[in-house]
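Going in written order, the chains are labelled A, B, C, D and E, and every chain counts its residues from 1.
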Amino acid sequence: MLIGRVVGSLVADQKDPKLLGSKLLVVQQLDIEARETSGYVIAADSVGAGEGEVVLYATGSSARNTHATEGKPIDATIMAIVDTWDVHGVTRFQKDTALPVTSW
Amino acid sequence: MLIGRVVGSLVADQKDPKLLGSKLLVVQQLDIEARETSGYVIAADSVGAGEGEVVLYATGSSARNTHATEGKPIDATIMAIVDTWDVHGVTRFQKDTALPVTSW
Amino acid sequence: MLIGRVVGSLVADQKDPKLLGSKLLVVQQLDIEARETSGYVIAADSVGAGEGEVVLYATGSSARNTHATEGKPIDATIMAIVDTWDVHGVTRFQKDTALPVTSW
Amino acid sequence: MLIGRVVGSLVADQKDPKLLGSKLLVVQQLDIEARETSGYVIAADSVGAGEGEVVLYATGSSARNTHATEGKPIDATIMAIVDTWDVHGVTRFQKDTALPVTSW
Amino acid sequence: MLIGRVVGSLVADQKDPKLLGSKLLVVQQLDIEARETSGYVIAADSVGAGEGEVVLYATGSSARNTHATEGKPIDATIMAIVDTWDVHGVTRFQKDTALPVTSW
């Protein structure tokens, strides 16, 4: 899985019937220090993520292994909202902190 | 999923029998600001997309999860025509606008 | 799917039994203007492609969705021989023309 | 599979129900000489790996082929703790050695 | 599939039970001219490949389509030992020749 930030959403009226009811979010990929990269993905949401939240997303066939995405033409799914992660004993990201932790 | 623009089509008379009836479109990958990148994919179409339209496409096994592509040797499928997407509260793309939105 | 040119073939006597009878071709990936890139793949063939031909190939699990490759340890399959493709209304490649079309 | 070092862990309270009980580790990808690269992945753990350990991880649908990850929206799984590997007859990494082996 | 050279092996005592009996080899990816690239993969072996041999390997779910890897958390499998390949009518690699063929 990779870490990303929900930066927006996408609207598509004309779509495959299986996509009805799937919320599509724009996710900017983050690096291990919580910095935004140029990578992005449009992901379905299985956890009620909102804009600005840092999330974990799965890609490929694994993205279809949630109740919300089973059997759908979806190759990226947000399956967790991240609270915190540590690298080498230092917190790199903490939810409800506006910016990445930069004390290291 | 990724966002792309339909820029053309591809014709192949000699093909695997399972591909009969599948329309194959040339899709140029777009970045999050709706700018064309050098990436492309030849995708099957499940929604009747036309040239110039901005679309959402799925890749890998998920591309076979539409009625149009089930069981076929297809690894990329257009499954939605994009109307609009927003990033950080600003509309980056709006259908029926000739160019990407550039007011930010 | 991606577009490639068949530039050669590969011989392997010692192989997984499931590969018996599978012809393995060397495919150089092409960009959207029919120029060769540094990318390549060794692909199975489901359509009788010959050296020099421009083909469409599928990768991943979709590559096993042809009669020729079902259930085999094959992750890339040629599933069409390309006749022509157009980008922005201009023909970028035409079969039986020695070189890419360069009139644009 | 690729080789990585477990450099941290990630906590997410709000997640897809199928993820309950899955420990999520931050894994930095290593190159063939055991040097850290900029690549990372958040992986589930099927072998009880701890921080600092060098591990082998599988991605894609194969990541779901362990008892710990079956049927879950997980696309990367640690499935072995590496003891040693050799390249051209020289040991590149040996467990319980603080640093990569650099005698070549 | 891609072409690689077996350059070493990896030992892991603590691993997912499904990996018992799977030999894990270090494979350096080769380009189309048989030159080593910086890419590598740790692959299972279904054909008895030895160090120094040039092999063909499949990745993703296709890597699980051999008798040796079925149902295992393995995403890369050597499924053939390469004897020779030709590009544009010239032999680029020939088994039992110490180096890549460089006469072109």
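In this text, a contact is a pair of C-beta atoms (placed from the backbone, for glycine too) under 8 Å apart; a residue touches a chain by one contact, two chains touch by 3 or more.
Computed from a prediction, not measured in an experiment: that's the story for all the values here.
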Query: When every step has to jump to a touching chain, what is the lowest number of steps that links chain A to chain E?
result: 2
Statement: Averaging C-alpha coordinates per chain, one finds the centres of chain B and chain D separated by a number of Å equal to 34
Task: Just give me the whole-number Å value for how far the CA centre of chain C lies from that of chain E.
output: 21
Query: Of all residues in chain B, which are in touch with two or more distinct other chains?
result: 60-61, 63-64
Message: Taking the contact definition as given, in what order do you meet the chains if you travel the ring from chain B through chain C?
response: B, C, E, D, A
Residues of chain A defined as touching chain D within the complex: 1-3, 31-32, 46-48, 56, 58-67, 69, 77, 79-89, 92
Query: How about chain C: which of its residues touch chain E in the complex?
result: 7-19, 24, 26, 28, 38, 40-43, 60-61, 63-64, 71-76
